[in-house]
Amino acid sequence: MKALVFGGPGQRSWDNVDDPGIGEPTDVIVKVETTTICGTDLHILKGDVPAVTEGRILGHEAVGTVVETGAAVSSLKKGDRVLVPAITSCGRCGPCKAGMAAHCEAVGGIGWIFGHLIDGVQAEYARVPYAETSVHAVPEGIADEQVLFLADILPTGYEIGVQNGGVGPGDTVAVVGAGPVGLAAIMTGAIAGASRIIAVDLAESRLRHAEACGATHTVVAGDDAEERIAQITGGEGVDVAIEAVGIPATFDLCTRIVKAGGTVANVGGHGAPTTLHLEELWIKNITITTGLVSGSTVPTLLQLVRDGRIEAEKLGTHRFPLDDIMEAYDVFAAADENDALKVVLTA
Amino acid sequence: MKALVFGGPGQRSWDNVDDPGIGEPTDVIVKVETTTICGTDLHILKGDVPAVTEGRILGHEAVGTVVETGAAVSSLKKGDRVLVPAITSCGRCGPCKAGMAAHCEAVGGIGWIFGHLIDGVQAEYARVPYAETSVHAVPEGIADEQVLFLADILPTGYEIGVQNGGVGPGDTVAVVGAGPVGLAAIMTGAIAGASRIIAVDLAESRLRHAEACGATHTVVAGDDAEERIAQITGGEGVDVAIEAVGIPATFDLCTRIVKAGGTVANVGGHGAPTTLHLEELWIKNITITTGLVSGSTVPTLLQLVRDGRIEAEKLGTHRFPLDDIMEAYDVFAAADENDALKVVLTA
Amino acid sequence: MKALVFGGPGQRSWDNVDDPGIGEPTDVIVKVETTTICGTDLHILKGDVPAVTEGRILGHEAVGTVVETGAAVSSLKKGDRVLVPAITSCGRCGPCKAGMAAHCEAVGGIGWIFGHLIDGVQAEYARVPYAETSVHAVPEGIADEQVLFLADILPTGYEIGVQNGGVGPGDTVAVVGAGPVGLAAIMTGAIAGASRIIAVDLAESRLRHAEACGATHTVVAGDDAEERIAQITGGEGVDVAIEAVGIPATFDLCTRIVKAGGTVANVGGHGAPTTLHLEELWIKNITITTGLVSGSTVPTLLQLVRDGRIEAEKLGTHRFPLDDIMEAYDVFAAADENDALKVVLTA
Amino acid sequence: MKALVFGGPGQRSWDNVDDPGIGEPTDVIVKVETTTICGTDLHILKGDVPAVTEGRILGHEAVGTVVETGAAVSSLKKGDRVLVPAITSCGRCGPCKAGMAAHCEAVGGIGWIFGHLIDGVQAEYARVPYAETSVHAVPEGIADEQVLFLADILPTGYEIGVQNGGVGPGDTVAVVGAGPVGLAAIMTGAIAGASRIIAVDLAESRLRHAEACGATHTVVAGDDAEERIAQITGGEGVDVAIEAVGIPATFDLCTRIVKAGGTVANVGGHGAPTTLHLEELWIKNITITTGLVSGSTVPTLLQLVRDGRIEAEKLGTHRFPLDDIMEAYDVFAAADENDALKVVLTA
């Protein structure tokens, strides 16, 4: 089959490789019908994720059809259309039972293994371990593209941004960073009842996307962002500040705009430590949360898609045949100049 | 001043009465600018609420302006525009501190005293006890009618229906009874993220209102209602069933349509006991809640109105000058034939 | 092997039967080392549970050792010492993922299948389906008897009584019915921080056990129980009333002694409907919960046993060799005259 | 009357000053019968709290008797025995209604005003503003000393440590810093059901107090503390780490010992920023909380004292007549050499 193979830093190719086969009785093989590229894939290509070795097939978001099932698989069968999420869940370890597959012990303490520790889903076929506890049936009548982004960015924005932030009816929420995950937080924050959603980003184009996803206010990132947010909130600050960038400056901004009693929900992946101003924050009754997505809310998100409450496909701005994935990578790597959010690759 | 005076069962009049004055240092006097009539007022007129004595001014929902303040009042001043809610809260007893002013001990264990145990707000002026812990400032730029129904039916639907029911993103909710309070539950259930809202009522006209308030499905009450709901939910039942009628048949329906793990939130006021089928329900992992509104969510609802997320004024179908309140009572008492939800009375 | 076989109403025998074998790749076979008898087994023997057919091996609580594993089992191996709980969990259906294995869809919508829909554990060996998602490792250094009752009554009392009731620090809790499950609610209610625990029962002997388990007050069931509880609580009522009997009178008592804002947690299995006084309760802001245990708290309870915070073995009042199970049934069936709580059967 | 007066950095005196009088109709005057000294008072004396001006009477923890009431006070009367807590709550602002009097707007956004922005309670009499929403009746039969520490350190440890940390049954909790507030967290953490409580401190004497308060393990602070905690927890880390010191090193330790999914509850008051290792923590699904006490749990703590579940008086190690407060300050300022926790001053 064909697959997108990592060849070391800076190297990727659309190669012929062996078809995957059932390895464990809990595996299934899925024919990939739709997949996408994640910012994490770009990090891997930069060499930032040393655990990814040469020869690894990338990709951790897919919709497809089951074509083969392991001996222990009873609730999935050939022909089932499934969403293959970024996170693998054994369903039996402590973290999985607690709904925190992000730290599944059976796969090494981190549930993200596709395109990382095992071969991924930017390929014609993929082996899916612990399939029964990991994949989700796609509701009838729903197109691949409507649920594709529920593999990673929607639950990331919802679980790590909106749920960890405790967003509820009437809240004022700031989402700092309006990339795909920030937009997912905006979309799902609106569903959770946020009354005002302030999107903050450097790029005007992303702020326009933010408005399309439900932001009620936009603020161009910069020195006066804090002051602008203070104006919008009448000096009160926000109930929830969602950090969706991953650098010290944006995290720090979040801690300055959150009101007493509020929450900073960190979604961004950070590469460096930050300074936490505990001399100001210790007295302020705030909460700071961090986390990797677990996917525990995918069933809920599927219902919201089924019922037309979430239009996740909006986040797909560019479409390619799967065979053109090399070009899709180029477009996605230059997301800003192409005004790209997510690419959709269809087999 | 003029006021709507209860004269015993079946008797009401728009009478000249003495102006109210400050009684306690925590009182304020409010000039009533907008008020409405509640189904409870009709019950009182039928003689169903014996605690209401002859001569009592009725009404427990108003928007107005503070015209006089007691000696201990520091956070309200003459000229402040306020929402006077149905529930009085002393702010210092155990229930009030716990956010459950419904059972305020300072006013006798039940927070509803306006037009019940003290004179109410269907009048030109009203004395408002424990004003600082009870009333809410109306946000600038918001019309009386936009917030009037936050005095009672909106927080009733939200607190006792939606919050007690634990409605959250993706939920399937049935609201049994699409009168004003049921419609308030539908409106606020949508805000809380419900994915499907099934309205059940006998009257087609109310089901149309339900759709306008956010219901996604409607079911005509009757013998096949349970089956229709089963069809809509694929046989699963609903996550939350909100009872907004107050009779055994509708409560029982709620217990039959709720899924394992779900909640029946009773909002309706009941006059008779019901049969609870514990022989079926004991094993079903369900929750049943009851309650009188406390108004703890009024600040949240005011934010939602301010930000345009709730259009509470939709529930006002008929408008009258306050002086025509006798006619307004006639219209409201025949709500079905007039397709009336709530009347708005303006001074 | 030998097993306790149901022979139809009134009939049981300690028989020679075939050894169980692996049926599905997710099964394990456990050598039973310690087991017990449940009140439910007595109900079955009375013919009250028609789903139990002649020839069925009874029992749903055991500690034992894995002697054989199915092909898909990777996290359990021969020689592992495990607690086999009453509830089977597939780990992959909606209810199981939500922590509500009580309604596991893979085993028919009710997670209790041992000694009910499949052969149980009052036997020398037992087949355990969905083993990896159902059984729990016994901590080192902990005796069988210390964890045996975590198979059913401890999590039942804790999940369905204490957790559903929302028991927390400082609460006043009434536990109506001081049989084994009521005592488990008392033990775990104390752990959850209850300040006062009022045990209510007809039998003085059970009230003594209740005190030994942590009850701070005891009330003999009867006409004046409501008044006695009112005295103890200074007229306020209890925060949480846990029903652990299963008849209308005790359920009704619970609804009368609970304070506004409180919870009635029903644990008892009911055979008949009851009258719910909604005409009084609708305004009272109470919560009523029901449920079958799911076992989601067994890991927590195992930690509490490991750390010496729970002495579950106290509930075992009589000990027998497994071969004497027929006699053990006789003793347990006459629990009151023998002052028996639970019997412990050891292979 | 006599009062402990701040005279600028390093200066304190037991002086004759004017008796306080009713200033607002919501005030009461309390005759102080028992009071204590807080570490914060020592900070003030060092000049670390510039808002405290010369001439200010210090102290914010007292038990006493109401001797005079303002015109608006109806629920308190002369002769009532009350606990005067550290935090003043107006009961009517947004934060107070939300149970977060720590940020009461009526008193300037920070609820701690006694001995800070207004005269305090280390005096024979004290004016208590917003008395009805701030003070608590002392249960009959309970001595002053049993509830004195509920004025500040018990609710601080419970609300900011145990509740913010989400401590529940079965949890493993580390309390870093075994001073009075850390000990309060240990005491109340045990009530909340913690299974293992690991106390960390430099001083062996404090670790002994920790054991007396309920710690199950002790670790001497130092380079190997992290490793020791790892050993105790079998490498897993703790569910909740409570920081009760207020310096970067101890905060950092907490972030290293907390497990995925766990919480760091910061209680210590910090004077400097710290480095937050987001490059490691962003993926770890942890929560960090901060806060000043609000006192919302004082009613709960009073119940636990009344029922003998908390023995708060254990934290009082030294007793003095109020007239000897100058000497009591000397002893408390040299707490380590005197093995002092809290001093009790009795009028």
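A few comments on the model shown:
Chains here go by letter, A, B, C and D, matching the order in which they are written, and residues are numbered from 1 within each.
Just so we're on the same page, a contact is a pair of C-beta atoms (placed from the backbone, for glycine too) under 8 Å apart; a residue touches a chain by one contact, two chains touch by 3 or more.
Quick caveat: nothing in here was measured; it's all calculated off a predicted structure.
Minimum number of contact steps separating chain B from chain D: 1. Here A-B and A-D are compared, and the pair linked by more C-beta contacts is A-D. Between chain A and chain D the centroid-to-centroid distance comes to 42 Å (mean Cα coordinates, whole Å). Among the residues of chain A, those in touch with two or more other chains are 299. For chain D in complex with chain C, the touching residues are 158, 168-170, 172, 188, 191-193, 195-196, 216, 299-301, 303-304, 306-307, 309. Across the interface of their complex, chain D is touched by residues 95, 98, 100, 102-103, 109-110, 164, 246, 248, 251, 260-261, 266, 268-279, 281-292, 294 of chain A. Taken together, the chain C residues at the contact with chain A in this complex read 24-26, 70-72, 74-75, 90-94, 97, 99, 106, 132-133, 296, 299.
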